[in-house]
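So, here's a batch of structures to check.
Consider the two complexes below, in which chain A is the common component and chain B and chain C are the respective partners.
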Partner chain A sequence: MKEYAQNKLWIVGTTVPALLFLTLMAYLPITYAVALSFFKKSAFSPTMSWTGLKNYFLLLREADLWAALGRSTFFTVGSVAVQIVWGLGVALLLNRTFRGQTFVRSLFILPYLLPTIVVALVFQWLLNQEYGVLNQILLQIGLFRQPINFIGGLKTAMYSVIGVASWQYGSFVALMVLARLQAIPAKLYEAARVCGAGSVRCFWDVTLPNLRTTLLLLALLRGIWMFNKFDIIYLVTRGGPLKATETLPIYAYRLAFEEFDFGLAAGVCTFMFLVLLIGSVIYFKLFDPTKEIEVGR
Partner chain B sequence: MKRKKGSLGRSELTRRAFLKVAGATGAGALGFQILIPKARGARKDQIVFVSEESNPKAIAVYEKINADFERNTGIKVVMEYPGFANIHKRVATLIAAGTPPEIVWYGAGQAMNLALEDQLAEVGDVIKEVGGIPDSLRMIYKGADRSIPTSQQFTYCWYRKDLYQQKGLLPFKSWEEFLHVAKTLNNPPTLYGCIVPSAETGASTILLETLFMSNDVHWFEWNPSKRQYEVALDKGENKKRAIETLDYLYELHKYSPEASTYNWAELMSTFVTEKAATSYYVGARLLEQVMANNARIADVTMPLAFPKRLTDHYFLSIQGFHILRQSNVEGAKQYCKFFLKHPDCIKWYHAVPLHIIPASREVLLSSRYQDHPVIQKRMDVLRFLDAIWGRGVPLYYWDGKELNSLIGLYHNDNLGGWMVAMRNIKGMKSDTIVDEAANQIRKKMQKMG
Partner chain C sequence: MRKGAIGKHLPLVVLGLVLGIVAFPFYWMLLSSLIPRTVLFQPPYRFFRLDLSLENYRDLFFATEFVTYLKNSVITAAGAILLNVVAATLAGYGLTRFSFFGKKQFAQGTLFSYMFPPMLLAIPLYILFSALGMRNTYLGLILAHVAISLPLNIWIMWQYFQIVPISLEEAAWICGASKLRALREVCLPSARPGILSISIFSFALSWNDFTFAFILQTDKKMFTLPIGLATFVEQTAIHWGMIMSSAVLVSLPTFGLVFFLQKYLLSGLRVGGK
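Then we have the complex of A and B:
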C-alpha cells in the first residue's frame, strides 16, 4: 500500500511540473487569446468589456477576412508545393556520391539556418525595382525594357513572397527527404534494374513510393507552418501593395497593432486556429499518415 | 523516509515538500504578476520615457540631460526607444498592460488617440512655465492643453539644382510647372522626374494631405449647430477638388518610379542615389542623408516649397512631450520643464541640423541655434524655412478652428496613401475612391459610436 502511494506520488510529482509548465506557457495564453475574442478590448485602455459573439459577427461580415483567408490558402498551397518540388529535387541531387558532398550538403541547408530578417533584406535588395540585381540582369540581357516591380507589383508580390519563403524553407524539406532517401535499401534499386527499369522508372516505382510517407507528413507540417507564417511576408512586403499579400496572420496583426482592436484580432487568431483544425481533420481523414507510416516501414 | 542508496532520489519527494515547492512556485508567479504594474507608473522615484527618437546624437543628449535630472531631483529616467514605426504600438501595449509610461515624445497628431481615450494629463501649467507657445501649435482637448510642443517639421520638396539648370528649368511654383519639370527630366530607368509614393504608407499619406491642403480640400467640416465635425470629403466642390488632386497625382506618377512600396527611406534613397530629380520629406533628414552618403550632390540639393494651387499651406508635424494621466504626473512635469530649460536642449535640436525645428521662431533665429557648422553652411535652408514659417497647418486644425479629434480616422490608418495607391497602382477612378474613402471614415465613426 505504501509502495503504491509512493509510486502515485512519484507519478504526480513528475507529471505536475510539466503540466504546470505547459499550462503556463501554452494553454493559458491560448485560452486567454480565445477568451479575448469575446471582449471589446482597445489597446489604449487596460479595461475590457464583454461582447459575446459580436466580434465574430463583425469579422464574418468583413470582406477583408475572406480575402485574407484566400491569400493565406494561396500562399500556403503555393509555397508548400514549391518547397516540396524544390526540396525533393535538391535531395535527389545531394543523395548522389560526389567529392565535397558534405560541404555542398551544408550549403543547401544554409538558407534554413539564416535569420528571417537577413533573408528578407537580401531579397528586398535582390528584387528591388531600381537597384535590384535581378532587374539589372533582365535589363542587360534585353529580356525587358523596364524593370519589374517584383515586390511592389499587384500581380507579382504574392509570387515573390512565395519564392522567397520557398527558398528559405525548401532546405528543410530537402533535409528530411534526404534522410529518408538514404534509408531506402539499395537492393530495391538493384531488383528494379534487374527487371530492366531505367532511372525514371526507378524514381516512380521505388523512390517515390518510399518517400510518400515523408512527403505527406512534410506537406502537413509545412502547410500548418506556412499558414501561420507571419515574419517573412511582413518583412518583405508588410502585406502590401494594397493588401495583395495580406494573409490571415498579417490581418490579425493589422487589427491588433494598427487599428488597436485586440478583441477583433484575437477573433481572427481563433478563426485561423479553427481553419487549421478543420484542415487537419480533413487531411487525416484523406491520407491517414499513421497508416502510411505503418506501410512505409 | 530515508533515501535509498543509488536511487533517483524519489524517496525525498514527500507530500509536504511537493506542496512547498508548488506553493512557492504559485506565490512566485502571482507575486510577479502583482509586481509588474507596480514596477511602472506608481513609483515616485522613477519615470518611464518612451521616445520616437532613434538618432544616436539625440539619444546622447537625452542621456546627459537625464543624468543631470537624476542628480538634481533623485528621480531616475528609464528611456525606451522603440523607433518611429513602433512607438504607437509600444505605448498602446504599455497602456493595455496597465503600466502606462510617464512621458511619450512623438507627433501630437498621433498623441490625439491618447487624448481621445482620456489618457493624457493636462499640461497647461508646464507650457506656461516654459514661456508659452503659439496658438497654432497647441493641442487642446476638453478645454485643456494635452501636448507640450518641443519642435516642428515642415513638409517640402528637395530638388537637384544642377539637373534643373541643365534643362533650363526653374524651380516650380504651380502644379502645372511641377508636372512640366517632372516630364522634362524624366528618363527612366536612369532618372525619374519626381517621386509619387503610391502605397499605404505615411509618406504617401502626407503627400496627399499636403496636396489636399494646397487645393483646399477638406476631410471634415464643422457643424456649428451640432458642435461637431462631419465628413465633407465627398461633398460638392470639396469632392471635385479631391478628385482633381488625385488625378493630378496620377499624371505626376507617370514620371515617377511605380513606388508602390515606398515610404520615407525610399524617398531619401532614390534621391541620394541620383535616381530622382525631385523628392520631398518632412524636414531636412533627406539633406543629411545626401551629405552623409553622396556629398557630391549635397550643394546642389535645394529646398523648395510644394507648388501652390488654391492655398500655400502644407502638412505641419508637431512633436512634443505627452504625459500619461495615470502615471507619475508630477515627476513627468518636473522632467519636461527641466529638459526644456536645460542648456543642452539646443544640442538636441542640432542632432539632425535643420530637421527638427524649434517650436519657437525666436530660437530658430537665435545665434545659439545657428551656431552649428551645417546650419552655417546651409543658411539658405534656414532662410527657406523662415520664409515658409507659419504656412504649415497641423492636421487637427485644417478643417476648422475647433480641434478636430477625428483626424486619426484617416491619418493614422494611412487612408490618403490608400487613395493614392488605388488611383495610381490599381487604376480605380478618383470619383469612386473619394466616395469609398469618405464611407470608410463614416464607418469608423459609427464603430466608435
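Then we have the complex of A and C:
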C-alpha cells in the first residue's frame, strides 16, 4: 500500500508541472480567447461587455471576412498542391544512390528549417522589382521588356507568396515522402518487374499505392498549417498590396492590433478553427487517410 | 540504345535543375552579403565575382542593433530549451510509468491542437501579459515559446522512455536505489538522444519564431532577431547587402543543425512540424 501511495506521488510529481503549465499558458488562454469572441473588447479599455453573437453577426456581414476566407482557401489549396507535387518529385529523384547524396539530402531539408524571416528576406531580394536577380535574368533573356513587380503587384503578389511558401515547406513533404519511399520493400518492385512492369507501371502500381496514406495525411497536415499561416505571408507582403494577400490570420491580426478590436479578432480566429474542424471532418469522410491499402500479399 | 542513354541521364538533369531551384537562393544570399553597397546595385549581375568584402557585416554589427537582437534571441532560446527539457523529461517519464490514456488519444489530441490558429493563443497571451506587465520581458516570450513546443516535446520524450524497460528500473530499486536515483542513473542515460532531440527542436522553434515575438515584444530593445531583421526592410534606403549578411548569420545555426545533428533533428521532425 505504501508502495502504491509513493508511486502515485511520483507520477503526480512528474506530470503535473507540465500539465499545470499547459493549462495556464495554453488551454485557459485559448478558452479565454474563444470566450472573448462573445464580448465587446477594445485593446484600450480593461473592461469588456457581453454582446452574445453580435461579433459573429458583424463579421458574417463583413465583406472583408469572406474575401479573406477566399484568399486563405486559394493560398492553402494552391500552396499545398505545389508542395505535394514538388515534394513528391524531389523525393522520387533523391530516392536513389548517387555520389554526395547525404549532402544533397541535407540541402533539401534546409529550406524547411530556415527561419521564416530569412526565407522572406531572401525572396524579397530575389524578386525585387528594380534590383532583383530574377527580373534581371528575365530581361536579359528577353522574355519580358518591363521588370515584373512580383511582390508588389496586385495580380502577382498571391502567386509570389504561394511560390515562396512552397519553396520553404515543399521540403517537409519531400522529407516525409522520402522516408516512406525507403520503407517500401524492394521485393515489391522485383515482383512487378518479373511480371513485366516498366518504370511507369511500377510507379502507378507499386509506389503510389504505398504512398497513398502518407500523401493524404501530408496534404491534410500541410493544409491545416498553411491555412493558419501568418508569418511567411505577413513577412513577404504585409498582407498587401491593398488587401491582395490578406488571408484570415492577417485579417485577424489587423483587427486586433491595428483596429484594436480584440472581440472581433477572436471571432475571426474561432471562425478559422471551425472552418478547419469542419474541413478536416469532410476530408476524413472523403478520403479516410488512415485506410491502409493492402499491397503485395 | 539511345533511349536508354536518355533514360539514364534525364533524372540527373532534372535533379540538377531542382537542385538549382533549392540552392540558388542560398548562393545568392551569401554572394549578395559579400558585395559592397556601391557595386551591388549595378546590373547586369555577374553570378561569379571575386571583388568581395565584409563591409556589409561591418555595417550590420556597428550601424544596427543586430547585437542586441542576437542577445535577446539567445537568451529566449536558452530559457525555452531549459524549461522544455525539464518539463518534457519529467512528464514523458511519468506518462510511461502510468498510462491513463493511450498513445492514440495523445496523437489525436496533437492533431486537434494543430487546428488552433497561433493567433488564437497570441491574442490572449498579449492581453494576459499586458495585465501582468510581462510583455517585453524575456520570461513572457520564453513561456509563450514553451507553450507552443511542450506538447510535442512531451510526445518525443514519451516515445524515448518507452524504450527503457521498467524492469531495469525495478532492478535498481531492488538494489536499494531510490526512485530519483533510478531515474537519474538508469532512465536518463537511455533517454539522452531524446533530450538532445527536444533541445534542438525547442531551439529551432524559439530561434525561428516570428509571430509570438512580433506580437509580444513591442519595445525595440526586446526584439528578437526575426523581428529586428523585419524592420530592416521598412527603412527608406534599403541596404540589401547588409540585410543578406544578417540573413546569413541568422541561418548559420540551421546549417549547423542540418549538417551535423540531422539524426536528432529528424526524430523530432517526424512527430511535429509547423
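Simple rule for what comes next: the second predicted complex is superposed on the first by the 270 of 297 C-alpha atoms of A that agree within 3 Å, B and C clash if a C-alpha of one lies under 4 Å from a C-alpha of the other, contacts with A are read in each partner's own complex, and residues count from 1 in each chain.
Following the convention adopted for this analysis, a contact is a pair of C-beta atoms (placed from the backbone, for glycine too) under 8 Å apart; a residue touches a chain by one contact, two chains touch by 3 or more.
Not measured: the values here are computed from a predicted model.
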First, second, both or neither for A:Leu154, with chain B first and chain C second: first
Contacts of A:Glu258 with chain B and chain C, given as first, second, both or neither: first
Partner chain in contact with A:Trp10 - chain B first, chain C second, else both or neither: both
Chain B versus chain C as contact partner of A:Phe44, first or second or both or neither: first
Contacts of A:Gly89 with chain B and chain C, given as first, second, both or neither: second
First (chain B), second (chain C), both or neither touched by A:Gln146: first
Which of chain B and chain C A:Met226 touches, first, second, both or neither: neither
Larger contact residue set on chain A - chain B or chain C: C
Which of chain B and chain C A:Ala266 touches, first, second, both or neither: second
Chain B versus chain C as contact partner of A:Leu242, first or second or both or neither: first
Intersection of the chain A residues that touch chain B with those that touch chain C: 6, 10, 13, 46, 131, 257, 262
Contacting residues of chain A [partner chain B, same complex]: 6, 9-10, 12-13, 16, 20, 24, 41-46, 129-131, 139, 146-147, 149, 151-154, 237-238, 240-242, 257-260, 262
Chain C-facing residues of chain A, complex: 6-7, 10-11, 13-15, 17-19, 21-22, 25-26, 29-30, 32-34, 36, 46, 89-90, 93-94, 96, 98, 104, 106-118, 120-126, 128, 131, 133, 136, 140, 167, 171-172, 175-176, 179, 221, 224-225, 228, 230-231, 234-235, 248-249, 252-253, 256-257, 262, 265-266, 268-270, 272-273, 276-277, 280
Residue ranges of chain C in contact with chain A within the complex: 11-12, 14-15, 18-19, 21-23, 25-26, 28-29, 32, 40-41, 43-45, 87-88, 90-91, 93-95, 97-98, 111, 114-121, 123-128, 131, 143-144, 146-148, 150-151, 154, 179, 204, 207-208, 210-211, 214-215, 225-226, 229-230, 232-233, 240, 243-244, 246-247, 250-251, 254-255, 257-259, 262, 265-266, 269-270, 273-274
Sites on chain B touched by chain A in the complex: 10-11, 13, 15, 18, 22, 25, 29, 89, 92-93, 95-98, 113-114, 117, 119, 188-189, 199-200, 257-261, 270, 273, 275, 412-413, 418, 421-422, 425-426
